[in-house]
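In the two complexes that follow, subunit A is the common piece, with subunit B as its partner first and subunit C second.
What follows is the complex of A and B.
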């Protein structure tokens, strides 16, 4: 019981901080970074469900994100659909694509599944480039001043109030998923497919569900990204972006609840801290990533949990 | 109508006949032992019943329901559950969650309920947890409920598998060498527990076991396999004095 109460206090505390931030921070660029953190948290949280908890290697997350971004941008620009319809539509449509892409997972082992999802990512990107009549090809789609009712989403501060609540709700649902019968079934399929099946857990149903959920999350994330950046083009959704999502997850802590969120903060914020050493930024950053993979396979979360900070943190909790 | 029967059940793997036309009837409430030397095809029988393998020939039915029409994940719904010889516990879960997965088919509520943590899913989850604690208590595992399943000692992992299978409330329980790796004391406890399952819960049991003393003591009937062929069937006494069985286990005298 007391654990539940402390959890609630943390959640309310986080909400208050998140609410105050935009009033304290004046710099628009800082708000832009915070929005990106929220968006990457959404996308990698979904990836964690399929890759971390269900154990299905998925290298198509950038493709999902691209579908979400294009559906959102095109339905707003070309069809004049309001954003509060376009965004859920992007999520649901991408979830549908997720189910279709999930089918190979029923027959393919890990390495082959990696290849298959990678190929799907490439195919999605090629469609974006060549289906010019709809996607406008390599030139991309520009989104200028989107409105929600009378409010124009024309600043990073305003977008923050769209991105962060959505991120908060989706992360809340993600925690529910993992802690429910659904999440337990996903983990069962990962840990022992044969035992899961003999307990009545259909591995086919749950694997496709996992892909659908990751599609939904990446689709919403992609849609929000289109709004925050104001421009969508095929090159943003290539293989390197999918690998980037993978890295965020691995470094944050795969198959841990806060892992993808910590990873998103790390990957979006730290490059900004190294701005002063422009030429070496990528090098330093890659080194940090490598050190993590080699010495801290549990990711940032694993470090916090096993290391000194985690230890003191727990002591305080136990005393409270 | 027979409670459980296999008819002419056969399977070959690339020319190797792992099981040849097995006819076996098990009555409701029976404890049936299934023994045989290494490689006799005992686990193959369990894998055929639970649809892990597709038989090349034959039929399997429980209470007249043709099992070959079911998919692997539907077998527990028909009323059959199993344990595994080489332990297939869900390593990253707690002991409690492992048994909760066993409860899967009894937990209602849609996926949306699950995601929103509302309604039927939430209520049934709570009821399920109570039931699981009850099962864990009966196996003396309740103190470990919140521990990680992978941290359990070996003998307790076997009990955990038993608890997980029980949680699905099977009519027929297939135990694949539940006593392997257990010490004498643990085997004695297992013996009592298997009897209790039959007497109090009315579960029919097919026991595949290497520990012959255990099988001989608790089985009503014993089926003996050798090289995929049934060579004997009967009470413990009949089996022990059957020359074919003695030969299969000890080799012929010539």
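What follows is the complex of A and C.
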């Protein structure tokens, strides 16, 4: 059997499993966790495009996500816009802001870009806190019972049928982006900007595109998060959240296709298995991410692919 | 308020920004790594002071020294863990590693000291004294004086000692200096230790001014701003620190207090977009 057909079988199998899950699982909380996995997968997949494949460090993902969440929540609560308009709008608006934030990337190298995006994240959070007339300040916005037509999205089971299909479509899109001309251009810009430029690949165009895509993904993810949690406040979109996204990506495997998805599963599910971890979640994850980035930059996916972890350790021992 | 008064008021904060920025620049110049965990080293300095002086009642001077040594040790370990192994890896990895190391310190502090906010009474009175129309506190003078002393120390060290010359050689060209018998790795450790010392001094000095809490480490963003404005040169960063504090205070008075927080970010973005090499920086031309 050719690889293409096996891949299709896997995808169809995964779809069937994902479809059956909500009918098998009765616990609402489990569905909530599954929704979170989907949302984190969406957001980190976008981050992977800009950070993993284009090589532009972005510490502004939580800011993007916050913009998406606020746009969704405010347009539903204040303007009464239906969700199927609000959610794409959040994505497109965040993509626009992604383009603006991508501009520094055109001139700046690694460290400077990291700082610029970090500053943007803090600035976005400050705007959320201080622009009280629109964002309602630190008090946040509550979202209660959102409807799609006649259906009320009032349970985690129902939200699942919104979150997972969107996640599936966006991840499918992401795989295709990476495998298309666009993806190859992004990788070319990452590997050698000068070589790419001289081959006619405009680095400016592709860098901004990458930021726009990551903005779009984070915006949609943030919008969905607002629906799932039902409450939006500035403190959820601080630097910590951006660190989370980085950690998810590093743990899962940067610049690998399934990396962000594996990372999201690991990130959301492990604290549920070990309850003592909930309190020290950030500490544990940043520690794990630190260990991964030093010893196994390939992340979980790299480990799975290379077979035994011993192999990686041996290589490091040889190097040292 | 008088503009002269405003500028004088920002000297104390300016020295803190300069110290934090200088710590960043020392590491950056020697190792080409930007330490995103610098703010957490600064926080550690303040927490060490709280522990040694406030809790254990050790005399101030001794507690000061112990905090500085403790933080320097931490910086040394951080270099070994998060920086040394990643020298040959892509820059991105070292950014993420120092960042994560900072976060680990951040949450370890929360784990050890709790989320409690500490207040330390100032060692020198903070009652304002007026000279003519201008008001200042002895504490501000103390902060500026100690900062000036440490900056002078760094300058003398870099200018006149053998290790300082080695440091400057490494910051210019690693390969050539290692061929001349300079131990590059030793200089790397040295730069981190020096940066840890500066961060601790800043933390200890600022401890009575600010509330001591885990989040205080985000002052490192101000240090970044100082570094960027000064183009990551040592004198430039010091000027950048004072400039940032002055602009912040002026904005705080004439625009709005809420906006004051944004000044550092806006300055970072403005300088990066208009003149990424900074005010005193040297234009670096990349070879293909």
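Couple of notes before you dig in:
Keep this in mind: the second predicted complex is superposed on the first by the 286 of 320 C-alpha atoms of A that agree within 3 Å, B and C clash if a C-alpha of one lies under 4 Å from a C-alpha of the other, contacts with A are read in each partner's own complex, and residues count from 1 in each chain.
Everything below uses one rule, namely that a contact is a pair of C-beta atoms (placed from the backbone, for glycine too) under 8 Å apart; a residue touches a chain by one contact, two chains touch by 3 or more.
Since this is a predicted model, take the numbers as computed values, not measurements.
In the superposition on chain A, A:194 makes contact with both subunit B and subunit C.
Judged by the touch definition given at the top, the superposed model places A:16 against neither subunit B nor subunit C.
When the two structures are aligned on the shared chain, A:185 is found in touch with subunit B, with no touch to subunit C.
When the two complexes are overlaid on their common chain A, residue A:134 makes contact with neither subunit B nor subunit C. In the superposition on chain A, A:100 makes contact with neither subunit B nor subunit C. For subunit A, the partner with contacts to more residues, out of subunit B and subunit C, is C. In the superposition on chain A, contact of A:203 is made with subunit B only, not with subunit C. Subunit A uses residues 194 to touch subunit B in one structure and subunit C in the other.
For subunit B in complex with subunit A, the residues that touch the partner chain are 50, 52, 71-77, 81-82, 84, 88-93, 97, 100-102, 104-105, 107, 109, 111, 114-117, 121, 125, 164-165, 168. Residues 173, 176-177, 179-182, 184-185, 187-188, 190-192, 194-203, 209, 255 of subunit A are the ones touching subunit B in the complex. Those residues of subunit C that touch subunit A in the shared complex are 28, 34, 36, 81-82, 85-86, 89-93, 95-97, 99-101, 103-104, 107-108, 110-111, 218, 221, 224, 228, 258, 261-262, 264-266, 268-269, 272-273, 276, 288. Those residues of subunit A lying in contact with subunit C across their complex are 51, 55, 57, 59, 103-104, 107-112, 114-116, 118-120, 122-123, 126, 130, 194, 239-240, 243, 246-247, 250, 280, 282-283, 286-287, 289-290, 293-294, 297.
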